[in-house]
Amino acid sequence: MTTQVIVLNGGSSSGKSGIVRCLQSELPDPWLAAAIDAFVDSLPASLRASDAGIEFAEDGGVAVGPEFRKLEAAWREGVAAMVRAGARVIVDDVFLGGPASQEPWRKALAGLDVLWVGVRCGSTVAEAREVARGDRPKGMAAAQAEMVHRGVAYDLEVDTTNAESLDCARTIAARLT
Amino acid sequence: MTTQVIVLNGGSSSGKSGIVRCLQSELPDPWLAAAIDAFVDSLPASLRASDAGIEFAEDGGVAVGPEFRKLEAAWREGVAAMVRAGARVIVDDVFLGGPASQEPWRKALAGLDVLWVGVRCGSTVAEAREVARGDRPKGMAAAQAEMVHRGVAYDLEVDTTNAESLDCARTIAARLT
Amino acid sequence: MTTQVIVLNGGSSSGKSGIVRCLQSELPDPWLAAAIDAFVDSLPASLRASDAGIEFAEDGGVAVGPEFRKLEAAWREGVAAMVRAGARVIVDDVFLGGPASQEPWRKALAGLDVLWVGVRCGSTVAEAREVARGDRPKGMAAAQAEMVHRGVAYDLEVDTTNAESLDCARTIAARLT
Amino acid sequence: MTTQVIVLNGGSSSGKSGIVRCLQSELPDPWLAAAIDAFVDSLPASLRASDAGIEFAEDGGVAVGPEFRKLEAAWREGVAAMVRAGARVIVDDVFLGGPASQEPWRKALAGLDVLWVGVRCGSTVAEAREVARGDRPKGMAAAQAEMVHRGVAYDLEVDTTNAESLDCARTIAARLT
């Protein structure tokens, strides 16, 4: 049996999307990307800034409501179904609830061969990259840097603080079975 | 039973994405968008310009290969699973194969309450909008305007040639059960 | 002497950018685009949401402050200098102050051969297109539809309410000398 | 007299845009960004892929033609005029011709207080970042990494190979007079 799903968890500006693109480029088989950002983009505009949906505060805080959670649960089922239908998928998520965010993924992906990867980035460096990107509310990177990893179990952790995305991707690729 | 999936089929620059955003804005319940363009964006860059994946020729032609078809089939299963898990979804696709493209959607969505919608746009107007967008290969709109509808069965057809996306969205919304 | 600058003035979602791309595509000589949106993108992020810079209210209102005005004046001089250096330029602006916004352009472009074009769009249609785009604060289109034209003098007016951008572009192109 | 223009020169994927955003964020006064990428975006689509304009080859090579050069010269005059009109400007360019690219900037900015900055990035790292971005032709970063700096004179050089954009921006900011 070979790895069917790679789940990347890391804070905002930790470098997840870059690692996804490098994995897609490095791995010999085609892997689909399933990013929480793309899921958020598929929501109605009204849910992208409301109590029922998701709100990005000016201080970098993120709050999600009941409608968001319901659709997010359906999205996880959709990702799992893609894998069961034969697609290899790289999930790129932010576990705002730590283990409480990992648990529903565990259930949705039950029976599949999953590689759980923590993507760490030192808070100061993540914050600096947030300024350099210029498209994220200031403070989100620092707020999430540690929080999203607390209590989460991984098969592998990579750290982008002093490593390029491509090197992290190669470390992950070497662990696929 | 109420409508669970809306499938929009139409050629490039026929106005599908605008209708999706208007539907998301007009409908009281939250609907997720599942666009073929977002699926293509989730592919590895290498598949986005290769014989095995999808190729956009300079004359507006589009060719898809075996790897693309395999992942596309998994994507359809993923969309169906999201609906079965409780999400309302608006699919936005281009049936390059006409009925041969509709059939796999029929199978994937079997048992669900689907509204099939044809989005038409006169070839000359679609071509003019393609120039105004400036981000699509010239010729794609004209090449697909008629082709994608041949032999496809709809519950409803809208025409954006002389109507705004919002009006078309309201026509569709009025047909939901 | 031939036309050296085309200045398009119109409200948000009136279709200016589409007309610019169509003009660039239709006109035999290369014309540069100089859009107020691109100018705003070139500002520091802090000025894009502050009293000193520009603020987009949730109701579609737009307020500009002293720092914004100072840099905007420099931008106009930059555009004029490009024209004097031999480039043909299409300006795409929103005269929030009506004649008070046209006047500084008149001064900056003094001595150059300018075609002043009003881009109108009925308020209801502009509002519908704003929903279909989904990337502008709701209300901006309606708020600006009439306001930006009051007291402004044009060589030519086009109306996108019932016409494609490409047709409007051709009408403009026919007036170039 | 204080610094009026900062000119950053560096190869593709060397990190120039990130440094620009960090400078805009760190510097107390508002600075406008004038990027060669934004200039290219303001060209007609036809010039963005033609012998007369600019061509990006699949191997990462870039060729510019006579129409491109003519408009680029006008753009430089426009940037200089913005500075003379009182705006502080950060130019972000790629000196494909080395000293032959610096010379016309020297002439355009004559009499202004300019800080010339070289932005270096080791070829291997720039290439890795190119893969992680995923929106540039592969090979461009490596092709330009050394070439654009040969024979160019700087007031200051920064190296993003092992430093964050924000740190490089602070080094530059410390040199402003």
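Each chain carries a letter (A, B, C and D) given by its place in the written order, and its residues are counted from 1.
In this text, a contact is a pair of C-beta atoms (placed from the backbone, for glycine too) under 8 Å apart; a residue touches a chain by one contact, two chains touch by 3 or more.
Since this is a predicted model, take the numbers as computed values, not measurements.
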Q: Would you pick out the chains that touch chain A and also touch chain D?
A: none
Q: Hop across touching chains from chain B and tell me the fewest hops that reach chain D.
A: 2
Q.
On a CA-centroid basis, which chain has its centre farthest from chain C's?
A. A
Q. Measuring from the mean C-alpha position of chain C to the mean C-alpha position of chain D, what distance in angstrom results?
A. 27
Q: With chain centres taken as the means of their Cα atoms, state the distance from chain B to chain C in Å.
A: 32
Q) Hey, how far is the Cα centre of chain A from the one of chain C, in Å? A) 40
Q | Residues of chain B whose C-beta touches two or more other chains | A | 21, 25, 45, 134
Q | Every chain pair in contact, whichever chains are involved | A | A-B, A-D, B-C, C-D
Q.
Using the touch definition from the top, list the residues of chain C that touch chain D in their complex.
A. 21, 24-25, 30-35, 38, 41-47, 53, 67, 70-71, 73-75, 77-87
Q) What part of chain A is in contact with chain D in the complex they form? A) 15, 18-19, 21-22, 25, 125, 128-129, 131-134, 162, 164-167
